[in-house]
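First the structure, in the form of C-alpha coordinates, and then the observations on it.
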(Lines give C-alpha, C1' and ligand atoms only; values in the text may rest on other atoms or scores of the structure.)
Protein backbone atom coordinates (compact mmCIF):
# COMPACT_ATOMS: atom_id res chain seq x y z
CA UNK A 1 0.00 0.00 0.00
CA UNK A 2 2.86 2.36 0.78
CA UNK A 3 5.03 1.25 -2.10
CA UNK A 4 4.22 4.23 -4.27
CA UNK A 5 2.79 6.99 -2.12
CA UNK A 6 2.73 9.54 -4.93
CA UNK A 7 0.49 7.40 -7.13
CA UNK A 8 -1.84 6.68 -4.21
CA UNK A 9 -2.09 10.33 -3.16
CA UNK A 10 -2.59 11.63 -6.72
CA UNK A 11 -5.34 9.06 -7.21
CA UNK A 12 -7.17 10.18 -4.07
CA UNK A 13 -6.73 13.82 -5.06
CA UNK A 14 -8.11 13.19 -8.55
CA UNK A 15 -11.12 11.29 -7.25
CA UNK A 16 -12.25 14.12 -4.92
CA UNK A 17 -14.60 16.55 -6.65
CA UNK A 18 -13.85 19.40 -4.24
CA UNK A 19 -10.08 19.05 -4.71
CA UNK A 20 -10.49 19.16 -8.48
CA UNK A 21 -12.74 22.19 -8.34
CA UNK A 22 -10.31 24.03 -6.05
CA UNK A 23 -7.41 23.04 -8.29
CA UNK A 24 -5.39 21.18 -5.64
CA UNK A 25 -2.14 19.76 -7.12
CA UNK A 26 0.07 17.18 -5.43
CA UNK A 27 3.49 18.76 -5.93
CA UNK A 28 5.58 16.21 -4.12
CA UNK A 29 5.11 13.26 -1.87
CA UNK A 30 7.41 11.09 0.22
CA UNK A 31 6.77 8.78 3.17
CA UNK A 32 5.29 10.99 5.87
CA UNK A 33 5.36 14.29 3.96
CA UNK A 34 3.31 15.91 1.22
CA UNK A 35 3.34 19.24 -0.59
CA UNK A 36 0.02 20.41 -1.99
CA UNK A 37 -0.47 23.57 -4.07
CA UNK A 38 -3.38 25.64 -5.39
CA UNK A 39 -3.42 28.67 -7.69
CA UNK A 40 -5.39 31.74 -6.60
CA UNK A 41 -8.78 32.30 -8.29
CA UNK A 42 -11.37 34.77 -7.17
CA UNK A 43 -13.80 31.89 -6.45
CA UNK A 44 -11.75 30.89 -3.38
CA UNK A 45 -11.94 34.38 -1.87
CA UNK A 46 -13.80 35.72 1.13
CA UNK A 47 -15.58 39.07 1.20
CA UNK A 48 -12.47 41.24 1.21
CA UNK A 49 -10.61 39.23 -1.42
CA UNK A 50 -8.27 37.16 0.75
CA UNK A 51 -8.20 33.38 0.61
CA UNK A 52 -11.32 32.13 2.46
CA UNK A 53 -10.51 30.63 5.87
CA UNK A 54 -12.49 27.57 4.80
CA UNK A 55 -10.12 27.00 1.88
CA UNK A 56 -7.15 27.62 4.19
CA UNK A 57 -8.55 24.81 6.33
CA UNK A 58 -9.28 22.61 3.31
CA UNK A 59 -5.69 22.89 2.06
CA UNK A 60 -4.26 22.13 5.51
CA UNK A 61 -6.64 19.25 6.27
CA UNK A 62 -6.13 17.71 2.82
CA UNK A 63 -2.35 17.94 2.90
CA UNK A 64 -2.33 16.43 6.41
CA UNK A 65 -4.57 13.55 5.31
CA UNK A 66 -2.33 12.85 2.32
CA UNK A 67 0.80 12.87 4.50
CA UNK A 68 -0.85 10.30 6.77
CA UNK A 69 -1.98 8.19 3.79
CA UNK A 70 1.63 7.82 2.61
CA UNK A 71 2.33 5.88 5.81
CA UNK A 72 -0.88 4.03 6.63
CA UNK A 73 -2.88 3.95 3.39
CA UNK A 74 -6.17 5.59 2.50
CA UNK A 75 -8.45 4.11 5.20
CA UNK A 76 -8.43 7.29 7.28
CA UNK A 77 -10.92 9.82 8.59
CA UNK A 78 -10.09 13.25 10.02
CA UNK A 79 -11.33 13.31 13.62
CA UNK A 80 -10.10 16.78 14.54
CA UNK A 81 -8.39 19.59 12.74
CA UNK A 82 -7.45 23.09 13.73
CA UNK A 83 -6.07 26.12 11.96
CA UNK A 84 -4.23 29.23 13.14
CA UNK A 85 -4.58 32.14 10.73
CA UNK A 86 -1.38 34.14 11.19
CA UNK A 87 -1.87 36.73 8.46
CA UNK A 88 -4.49 37.58 5.83
CA UNK A 89 -3.81 35.00 3.10
CA UNK A 90 -3.13 36.78 -0.16
CA UNK A 91 -1.03 35.54 -3.08
CA UNK A 92 -0.92 34.15 -6.60
CA UNK A 93 -0.39 30.64 -5.35
CA UNK A 94 -0.65 28.72 -2.07
CA UNK A 95 1.49 25.80 -0.92
CA UNK A 96 0.64 23.53 2.02
CA UNK A 97 3.50 21.44 3.44
CA UNK A 98 2.29 18.70 5.75
CA UNK A 99 4.14 16.04 7.69
CA UNK A 100 3.35 13.23 10.08
CA UNK A 101 4.27 14.10 13.67
CA UNK A 102 3.46 10.65 15.07
CA UNK A 103 2.01 7.67 13.19
CA UNK A 104 0.12 4.94 15.01
CA UNK A 105 -2.12 1.94 14.55
CA UNK A 106 -5.25 3.74 15.71
CA UNK A 107 -4.47 7.37 14.97
CA UNK A 108 -2.01 9.59 13.13
CA UNK A 109 -0.94 13.07 14.29
CA UNK A 110 0.01 15.47 11.52
CA UNK A 111 0.86 19.16 11.13
CA UNK A 112 1.04 21.60 8.25
CA UNK A 113 2.33 25.02 7.24
CA UNK A 114 0.55 27.06 4.57
CA UNK A 115 2.50 29.58 2.49
CA UNK A 116 1.25 32.28 0.14
CA UNK A 117 3.49 32.96 -2.85
CA UNK A 118 3.53 36.42 -4.42
CA UNK A 119 6.08 37.27 -7.10
CA UNK A 120 8.20 34.30 -6.09
CA UNK A 121 8.31 35.26 -2.41
CA UNK A 122 6.88 32.79 0.12
CA UNK A 123 5.15 34.00 3.27
CA UNK A 124 3.83 31.79 6.08
CA UNK A 125 0.11 32.63 6.41
CA UNK A 126 -1.31 29.77 8.48
CA UNK A 127 -0.37 26.69 10.47
CA UNK A 128 -2.61 23.80 11.38
CA UNK A 129 -2.88 20.20 12.43
CA UNK A 130 -5.08 17.19 11.83
CA UNK A 131 -5.65 14.12 13.98
CA UNK A 132 -6.73 11.19 11.81
CA UNK A 133 -8.35 7.94 12.83
CA UNK A 134 -7.21 4.77 11.09
CA UNK A 135 -10.31 2.78 10.14
CA UNK A 136 -10.21 -0.89 11.09
CA UNK A 137 -9.75 -3.24 8.13
CA UNK A 138 -12.92 -5.00 7.15
CA UNK A 139 -12.82 -8.70 7.90
CA UNK B 1 -23.81 48.63 13.36
CA UNK B 2 -25.91 45.93 15.02
CA UNK B 3 -29.24 47.44 14.12
CA UNK B 4 -30.01 45.03 11.35
CA UNK B 5 -27.73 42.02 11.67
CA UNK B 6 -29.52 40.02 8.95
CA UNK B 7 -28.89 42.67 6.30
CA UNK B 8 -25.25 42.98 7.32
CA UNK B 9 -24.64 39.22 7.33
CA UNK B 10 -26.43 38.64 4.02
CA UNK B 11 -24.39 41.42 2.46
CA UNK B 12 -21.09 39.85 3.65
CA UNK B 13 -22.27 36.44 2.44
CA UNK B 14 -23.20 37.76 -0.99
CA UNK B 15 -19.90 39.57 -1.41
CA UNK B 16 -17.77 36.46 -0.77
CA UNK B 17 -17.08 34.53 -3.98
CA UNK B 18 -16.42 31.26 -2.17
CA UNK B 19 -19.69 31.45 -0.23
CA UNK B 20 -21.63 32.05 -3.45
CA UNK B 21 -19.92 29.18 -5.23
CA UNK B 22 -20.61 26.82 -2.32
CA UNK B 23 -24.21 28.02 -2.16
CA UNK B 24 -24.15 29.24 1.45
CA UNK B 25 -27.55 30.70 2.48
CA UNK B 26 -28.16 32.80 5.60
CA UNK B 27 -31.30 31.13 6.95
CA UNK B 28 -31.73 33.18 10.07
CA UNK B 29 -29.85 35.69 12.09
CA UNK B 30 -30.31 37.29 15.48
CA UNK B 31 -27.89 39.06 17.84
CA UNK B 32 -25.22 36.48 18.68
CA UNK B 33 -26.62 33.60 16.62
CA UNK B 34 -26.71 32.62 12.95
CA UNK B 35 -28.02 29.69 10.95
CA UNK B 36 -26.26 29.01 7.65
CA UNK B 37 -27.29 26.30 5.16
CA UNK B 38 -25.88 24.70 2.01
CA UNK B 39 -27.40 22.15 -0.35
CA UNK B 40 -25.36 19.06 -1.23
CA UNK B 41 -23.69 19.02 -4.68
CA UNK B 42 -21.09 16.55 -5.79
CA UNK B 43 -18.54 19.40 -6.14
CA UNK B 44 -18.30 19.69 -2.34
CA UNK B 45 -17.45 16.00 -1.92
CA UNK B 46 -14.25 14.26 -0.91
CA UNK B 47 -13.00 11.06 -2.52
CA UNK B 48 -15.62 8.73 -1.07
CA UNK B 49 -18.52 11.08 -1.65
CA UNK B 50 -19.01 12.57 1.82
CA UNK B 51 -18.90 16.31 2.44
CA UNK B 52 -15.24 17.39 2.26
CA UNK B 53 -13.75 18.19 5.68
CA UNK B 54 -12.63 21.49 4.23
CA UNK B 55 -16.23 22.45 3.45
CA UNK B 56 -17.27 21.24 6.91
CA UNK B 57 -14.69 23.70 8.26
CA UNK B 58 -15.79 26.45 5.87
CA UNK B 59 -19.41 26.18 6.99
CA UNK B 60 -18.46 26.22 10.67
CA UNK B 61 -15.93 29.03 10.37
CA UNK B 62 -18.29 31.14 8.25
CA UNK B 63 -21.30 30.68 10.54
CA UNK B 64 -19.13 31.52 13.56
CA UNK B 65 -17.82 34.67 11.90
CA UNK B 66 -21.36 35.77 11.02
CA UNK B 67 -22.56 35.17 14.59
CA UNK B 68 -19.73 37.38 15.85
CA UNK B 69 -20.48 40.07 13.22
CA UNK B 70 -24.04 40.41 14.52
CA UNK B 71 -22.59 41.70 17.80
CA UNK B 72 -19.41 43.55 16.88
CA UNK B 73 -19.73 44.35 13.17
CA UNK B 74 -17.72 43.12 10.21
CA UNK B 75 -14.19 44.21 11.23
CA UNK B 76 -13.18 40.70 12.31
CA UNK B 77 -10.55 38.13 11.38
CA UNK B 78 -10.58 34.46 12.36
CA UNK B 79 -7.44 33.83 14.42
CA UNK B 80 -8.09 30.18 15.23
CA UNK B 81 -10.71 27.64 14.33
CA UNK B 82 -11.08 23.96 15.02
CA UNK B 83 -13.42 21.22 13.91
CA UNK B 84 -14.39 17.85 15.37
CA UNK B 85 -15.73 15.45 12.75
CA UNK B 86 -18.15 13.22 14.64
CA UNK B 87 -19.53 11.20 11.74
CA UNK B 88 -19.03 11.00 7.97
CA UNK B 89 -21.04 13.99 6.69
CA UNK B 90 -23.63 12.81 4.23
CA UNK B 91 -26.98 14.42 3.42
CA UNK B 92 -29.09 16.43 0.98
CA UNK B 93 -28.55 19.62 2.92
CA UNK B 94 -26.28 20.91 5.68
CA UNK B 95 -27.12 23.42 8.38
CA UNK B 96 -24.57 25.18 10.60
CA UNK B 97 -25.88 26.79 13.79
CA UNK B 98 -23.36 29.14 15.38
CA UNK B 99 -23.55 31.27 18.48
CA UNK B 100 -21.30 33.64 20.40
CA UNK B 101 -19.96 32.09 23.60
CA UNK B 102 -18.26 35.28 24.85
CA UNK B 103 -18.04 38.62 23.06
CA UNK B 104 -15.27 41.07 23.86
CA UNK B 105 -13.58 44.24 22.72
CA UNK B 106 -10.49 42.46 21.43
CA UNK B 107 -11.77 38.98 20.65
CA UNK B 108 -14.97 36.99 20.27
CA UNK B 109 -15.35 33.30 21.19
CA UNK B 110 -17.91 31.38 19.12
CA UNK B 111 -19.04 27.79 18.65
CA UNK B 112 -21.05 25.90 16.06
CA UNK B 113 -22.89 22.65 15.42
CA UNK B 114 -23.18 21.25 11.90
CA UNK B 115 -26.13 19.03 10.98
CA UNK B 116 -26.70 16.90 7.88
CA UNK B 117 -30.32 16.64 6.75
CA UNK B 118 -31.49 13.52 4.92
CA UNK B 119 -35.18 13.03 4.18
CA UNK B 120 -36.09 15.62 6.77
CA UNK B 121 -34.04 14.00 9.55
CA UNK B 122 -31.25 16.06 11.14
CA UNK B 123 -28.07 14.40 12.34
CA UNK B 124 -25.20 16.15 14.17
CA UNK B 125 -22.08 15.49 12.06
CA UNK B 126 -19.53 17.99 13.35
CA UNK B 127 -18.91 20.60 16.04
CA UNK B 128 -16.39 23.40 15.95
CA UNK B 129 -15.34 26.75 17.26
CA UNK B 130 -13.74 29.95 16.03
CA UNK B 131 -11.84 32.60 17.94
CA UNK B 132 -12.08 35.94 16.14
CA UNK B 133 -9.98 39.04 16.56
CA UNK B 134 -11.73 42.40 16.47
CA UNK B 135 -9.70 44.72 14.25
CA UNK B 136 -8.98 48.13 15.73
CA UNK B 137 -10.95 50.96 14.12
CA UNK B 138 -8.82 53.04 11.83
CA UNK B 139 -8.21 56.53 13.17
CA UNK C 1 -18.00 -1.84 33.73
CA UNK C 2 -20.67 0.85 33.37
CA UNK C 3 -22.93 -0.49 36.07
CA UNK C 4 -21.84 1.98 38.69
CA UNK C 5 -20.11 4.89 37.01
CA UNK C 6 -19.80 6.93 40.21
CA UNK C 7 -17.81 4.23 41.98
CA UNK C 8 -15.55 3.77 38.96
CA UNK C 9 -14.91 7.48 38.54
CA UNK C 10 -14.32 8.11 42.25
CA UNK C 11 -11.85 5.22 42.30
CA UNK C 12 -9.89 6.66 39.36
CA UNK C 13 -9.95 10.10 40.96
CA UNK C 14 -8.68 8.76 44.28
CA UNK C 15 -5.87 6.81 42.64
CA UNK C 16 -4.42 9.83 40.80
CA UNK C 17 -1.86 11.68 42.91
CA UNK C 18 -2.28 14.96 41.03
CA UNK C 19 -6.06 14.92 41.46
CA UNK C 20 -5.68 14.38 45.20
CA UNK C 21 -3.14 17.15 45.54
CA UNK C 22 -5.34 19.57 43.62
CA UNK C 23 -8.35 18.52 45.68
CA UNK C 24 -10.53 17.36 42.79
CA UNK C 25 -13.92 16.06 44.03
CA UNK C 26 -16.37 14.05 41.94
CA UNK C 27 -19.61 15.87 42.75
CA UNK C 28 -21.94 13.88 40.54
CA UNK C 29 -21.77 11.32 37.83
CA UNK C 30 -24.26 9.79 35.42
CA UNK C 31 -23.83 7.94 32.12
CA UNK C 32 -22.10 10.41 29.80
CA UNK C 33 -21.85 13.33 32.24
CA UNK C 34 -19.66 14.24 35.21
CA UNK C 35 -19.37 17.21 37.55
CA UNK C 36 -15.94 17.77 39.10
CA UNK C 37 -15.15 20.48 41.67
CA UNK C 38 -12.06 21.98 43.31
CA UNK C 39 -11.72 24.55 46.07
CA UNK C 40 -9.45 27.54 45.50
CA UNK C 41 -6.04 27.43 47.23
CA UNK C 42 -3.19 29.79 46.52
CA UNK C 43 -1.06 26.83 45.32
CA UNK C 44 -3.17 26.58 42.14
CA UNK C 45 -2.60 30.25 41.23
CA UNK C 46 -0.59 31.85 38.48
CA UNK C 47 1.52 34.96 38.96
CA UNK C 48 -1.35 37.42 39.35
CA UNK C 49 -3.43 35.19 41.61
CA UNK C 50 -5.96 33.78 39.14
CA UNK C 51 -6.41 30.05 38.65
CA UNK C 52 -3.42 28.81 36.59
CA UNK C 53 -4.35 28.01 32.98
CA UNK C 54 -2.70 24.63 33.49
CA UNK C 55 -5.15 23.83 36.30
CA UNK C 56 -8.02 25.13 34.16
CA UNK C 57 -6.89 22.59 31.55
CA UNK C 58 -6.43 19.84 34.15
CA UNK C 59 -9.99 20.29 35.46
CA UNK C 60 -11.45 20.26 31.95
CA UNK C 61 -9.38 17.33 30.70
CA UNK C 62 -10.07 15.30 33.85
CA UNK C 63 -13.82 15.93 33.84
CA UNK C 64 -13.96 15.03 30.12
CA UNK C 65 -12.04 11.79 30.70
CA UNK C 66 -14.37 10.86 33.56
CA UNK C 67 -17.46 11.55 31.44
CA UNK C 68 -16.05 9.24 28.75
CA UNK C 69 -15.19 6.55 31.32
CA UNK C 70 -18.82 6.38 32.47
CA UNK C 71 -19.71 5.07 28.99
CA UNK C 72 -16.69 3.07 27.84
CA UNK C 73 -14.75 2.24 30.99
CA UNK C 74 -11.31 3.35 32.13
CA UNK C 75 -9.16 2.12 29.18
CA UNK C 76 -8.84 5.59 27.68
CA UNK C 77 -6.09 8.03 26.77
CA UNK C 78 -6.55 11.72 25.96
CA UNK C 79 -5.27 12.25 22.41
CA UNK C 80 -6.13 15.92 22.09
CA UNK C 81 -7.55 18.56 24.37
CA UNK C 82 -8.11 22.26 23.99
CA UNK C 83 -9.18 25.09 26.25
CA UNK C 84 -10.69 28.52 25.63
CA UNK C 85 -10.06 30.92 28.49
CA UNK C 86 -13.04 33.29 28.41
CA UNK C 87 -12.29 35.32 31.52
CA UNK C 88 -9.61 35.45 34.22
CA UNK C 89 -10.57 32.53 36.51
CA UNK C 90 -11.10 33.78 40.01
CA UNK C 91 -13.35 32.30 42.70
CA UNK C 92 -13.63 30.37 45.94
CA UNK C 93 -14.52 27.17 44.13
CA UNK C 94 -14.43 25.83 40.57
CA UNK C 95 -16.85 23.39 38.97
CA UNK C 96 -16.22 21.57 35.67
CA UNK C 97 -19.27 20.06 33.95
CA UNK C 98 -18.32 17.63 31.20
CA UNK C 99 -20.42 15.55 28.86
CA UNK C 100 -19.91 13.11 26.03
CA UNK C 101 -20.70 14.65 22.64
CA UNK C 102 -20.24 11.43 20.66
CA UNK C 103 -19.13 8.04 22.00
CA UNK C 104 -17.51 5.47 19.73
CA UNK C 105 -15.60 2.21 19.66
CA UNK C 106 -12.30 3.86 18.79
CA UNK C 107 -12.71 7.36 20.14
CA UNK C 108 -14.93 9.50 22.35
CA UNK C 109 -15.62 13.21 21.80
CA UNK C 110 -16.34 15.21 24.96
CA UNK C 111 -16.80 18.83 25.96
CA UNK C 112 -16.76 20.77 29.22
CA UNK C 113 -17.69 24.08 30.79
CA UNK C 114 -15.73 25.46 33.75
CA UNK C 115 -17.44 27.76 36.23
CA UNK C 116 -15.93 29.88 39.01
CA UNK C 117 -18.12 30.30 42.08
CA UNK C 118 -17.81 33.41 44.22
CA UNK C 119 -20.28 34.06 47.04
CA UNK C 120 -22.68 31.56 45.53
CA UNK C 121 -22.66 33.13 42.07
CA UNK C 122 -21.48 30.97 39.15
CA UNK C 123 -19.58 32.51 36.24
CA UNK C 124 -18.49 30.67 33.10
CA UNK C 125 -14.71 31.16 32.87
CA UNK C 126 -13.56 28.55 30.34
CA UNK C 127 -14.81 25.97 27.87
CA UNK C 128 -12.88 23.07 26.45
CA UNK C 129 -12.97 19.69 24.82
CA UNK C 130 -11.09 16.40 24.88
CA UNK C 131 -10.85 13.69 22.23
CA UNK C 132 -10.10 10.35 23.88
CA UNK C 133 -8.81 7.17 22.30
CA UNK C 134 -10.29 3.89 23.49
CA UNK C 135 -7.42 1.45 24.07
CA UNK C 136 -7.90 -1.98 22.51
CA UNK C 137 -8.60 -4.74 25.03
CA UNK C 138 -5.63 -6.95 25.63
CA UNK C 139 -6.11 -10.45 24.27
CA UNK D 1 10.83 45.53 28.68
CA UNK D 2 12.61 42.99 26.49
CA UNK D 3 16.09 43.97 27.57
CA UNK D 4 16.61 41.02 29.86
CA UNK D 5 14.02 38.36 29.05
CA UNK D 6 15.57 35.76 31.37
CA UNK D 7 15.19 37.98 34.43
CA UNK D 8 11.61 38.84 33.50
CA UNK D 9 10.61 35.22 32.87
CA UNK D 10 12.31 33.89 36.02
CA UNK D 11 10.54 36.58 38.05
CA UNK D 12 7.13 35.59 36.65
CA UNK D 13 7.92 31.90 37.24
CA UNK D 14 8.96 32.54 40.85
CA UNK D 15 5.85 34.58 41.61
CA UNK D 16 3.43 31.86 40.45
CA UNK D 17 2.50 29.50 43.30
CA UNK D 18 1.53 26.66 40.97
CA UNK D 19 4.82 26.84 39.06
CA UNK D 20 6.77 26.68 42.32
CA UNK D 21 4.77 23.73 43.59
CA UNK D 22 5.24 21.84 40.34
CA UNK D 23 8.94 22.68 40.35
CA UNK D 24 9.04 24.49 36.99
CA UNK D 25 12.58 25.73 36.19
CA UNK D 26 13.41 28.26 33.46
CA UNK D 27 16.38 26.52 31.82
CA UNK D 28 17.04 29.02 29.08
CA UNK D 29 15.46 32.01 27.55
CA UNK D 30 16.10 34.09 24.44
CA UNK D 31 13.91 36.49 22.45
CA UNK D 32 10.99 34.37 21.23
CA UNK D 33 12.06 31.06 22.74
CA UNK D 34 12.03 29.48 26.20
CA UNK D 35 13.01 26.13 27.66
CA UNK D 36 11.16 25.09 30.81
CA UNK D 37 11.89 21.91 32.80
CA UNK D 38 10.29 19.96 35.65
CA UNK D 39 11.51 16.90 37.54
CA UNK D 40 9.16 13.93 37.91
CA UNK D 41 7.46 13.50 41.30
CA UNK D 42 4.62 11.14 42.02
CA UNK D 43 2.38 14.14 42.88
CA UNK D 44 2.18 15.09 39.18
CA UNK D 45 0.98 11.64 38.14
CA UNK D 46 -2.38 10.44 36.89
CA UNK D 47 -3.97 7.18 37.96
CA UNK D 48 -1.60 4.84 36.10
CA UNK D 49 1.54 6.74 37.03
CA UNK D 50 2.19 8.74 33.86
CA UNK D 51 2.48 12.52 33.89
CA UNK D 52 -1.06 13.93 34.28
CA UNK D 53 -2.41 15.44 31.03
CA UNK D 54 -3.21 18.57 33.04
CA UNK D 55 0.46 18.99 33.94
CA UNK D 56 1.40 18.27 30.31
CA UNK D 57 -0.89 21.18 29.41
CA UNK D 58 0.45 23.37 32.22
CA UNK D 59 4.06 22.91 31.05
CA UNK D 60 3.14 23.66 27.44
CA UNK D 61 0.92 26.64 28.22
CA UNK D 62 3.46 28.10 30.65
CA UNK D 63 6.43 27.72 28.29
CA UNK D 64 4.38 29.29 25.47
CA UNK D 65 3.38 32.23 27.65
CA UNK D 66 7.01 32.79 28.68
CA UNK D 67 8.18 32.67 25.05
CA UNK D 68 5.59 35.35 24.21
CA UNK D 69 6.59 37.46 27.23
CA UNK D 70 10.18 37.65 25.99
CA UNK D 71 8.91 39.62 22.99
CA UNK D 72 5.93 41.61 24.24
CA UNK D 73 6.30 41.73 28.04
CA UNK D 74 4.14 40.23 30.74
CA UNK D 75 0.77 41.85 29.95
CA UNK D 76 -0.60 38.69 28.32
CA UNK D 77 -3.48 36.29 28.82
CA UNK D 78 -3.83 32.85 27.23
CA UNK D 79 -7.01 32.90 25.11
CA UNK D 80 -6.73 29.39 23.68
CA UNK D 81 -4.41 26.48 24.13
CA UNK D 82 -4.40 22.95 22.83
CA UNK D 83 -2.37 19.83 23.45
CA UNK D 84 -1.75 16.67 21.43
CA UNK D 85 -0.69 13.75 23.62
CA UNK D 86 1.51 11.63 21.34
CA UNK D 87 2.63 9.01 23.86
CA UNK D 88 2.10 8.24 27.55
CA UNK D 89 4.39 10.74 29.28
CA UNK D 90 6.84 8.90 31.48
CA UNK D 91 10.34 10.00 32.52
CA UNK D 92 12.59 11.34 35.26
CA UNK D 93 12.42 14.84 33.89
CA UNK D 94 10.31 16.82 31.39
CA UNK D 95 11.44 19.65 29.14
CA UNK D 96 9.10 22.00 27.27
CA UNK D 97 10.61 23.99 24.38
CA UNK D 98 8.36 26.81 23.24
CA UNK D 99 8.78 29.40 20.54
CA UNK D 100 6.82 32.29 19.07
CA UNK D 101 5.35 31.44 15.66
CA UNK D 102 4.00 34.94 14.98
CA UNK D 103 4.11 37.94 17.31
CA UNK D 104 1.62 40.78 16.97
CA UNK D 105 0.26 43.87 18.65
CA UNK D 106 -3.02 42.23 19.63
CA UNK D 107 -2.10 38.54 19.80
CA UNK D 108 0.87 36.20 19.82
CA UNK D 109 0.87 32.69 18.30
CA UNK D 110 3.20 30.21 19.97
CA UNK D 111 3.94 26.49 19.83
CA UNK D 112 5.74 23.99 22.04
CA UNK D 113 7.23 20.50 22.12
CA UNK D 114 7.33 18.51 25.34
CA UNK D 115 10.03 15.88 25.86
CA UNK D 116 10.34 13.21 28.54
CA UNK D 117 13.91 12.38 29.58
CA UNK D 118 14.73 8.91 30.86
CA UNK D 119 18.36 7.90 31.46
CA UNK D 120 19.54 10.79 29.34
CA UNK D 121 17.37 9.89 26.35
CA UNK D 122 14.81 12.46 25.15
CA UNK D 123 11.49 11.36 23.71
CA UNK D 124 8.83 13.69 22.24
CA UNK D 125 5.64 13.01 24.23
CA UNK D 126 3.37 15.94 23.40
CA UNK D 127 3.05 19.00 21.19
CA UNK D 128 0.84 22.00 21.77
CA UNK D 129 0.15 25.62 21.06
CA UNK D 130 -1.12 28.72 22.82
CA UNK D 131 -2.74 31.84 21.40
CA UNK D 132 -2.15 34.77 23.73
CA UNK D 133 -3.92 38.12 23.86
CA UNK D 134 -1.85 41.21 24.50
CA UNK D 135 -3.65 43.31 27.11
CA UNK D 136 -3.98 46.98 26.26
CA UNK D 137 -1.75 49.27 28.31
CA UNK D 138 -3.62 51.13 30.98
CA UNK D 139 -3.91 54.83 30.29
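Order of writing sets the chain letters: A, B, C and D. Residues in each chain are counted from 1.
FYI, contacts are C-beta pairs under 8 Å (C-beta built on N, C-alpha and C of every residue); 3 or more make two chains touch, one makes a residue touch a chain.
Here the structure is a predicted model, which is why all the values come from computation and not from measurement.
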{"item": "A-B compared against B-D, more contacting pairs", "value": "A-B"}
{"item": "Option reproducing the contacts of B-C, where over half of them reappear, out of A-D, C-D or A-C", "value": "A-D"}
{"item": "Inter-centroid spacing, chain B versus chain A (mean Cα positions, whole Å)", "value": "21"}
{"item": "Whole-Å gap separating chain B and chain D, where each centre is the average of the chain's CA atoms", "value": "33"}
{"item": "Chain B: positions in contact with at least two other chains", "value": "79-80, 82, 84, 131"}
{"item": "Residue numbers on chain D that touch chain B, as the complex places them", "value": "79-80, 82, 106-107, 131, 133, 136"}
{"item": "Touching residues (chain side chain D, partner chain C) in the complex", "value": "12-13, 15-19, 21, 42-47, 52-55, 57-59, 61-62, 65, 74, 77-85, 88"}
{"item": "Complex contacts: residues of chain B adjacent to chain C", "value": "82, 84, 86-87, 101-102, 109, 111, 124, 127, 129, 131"}
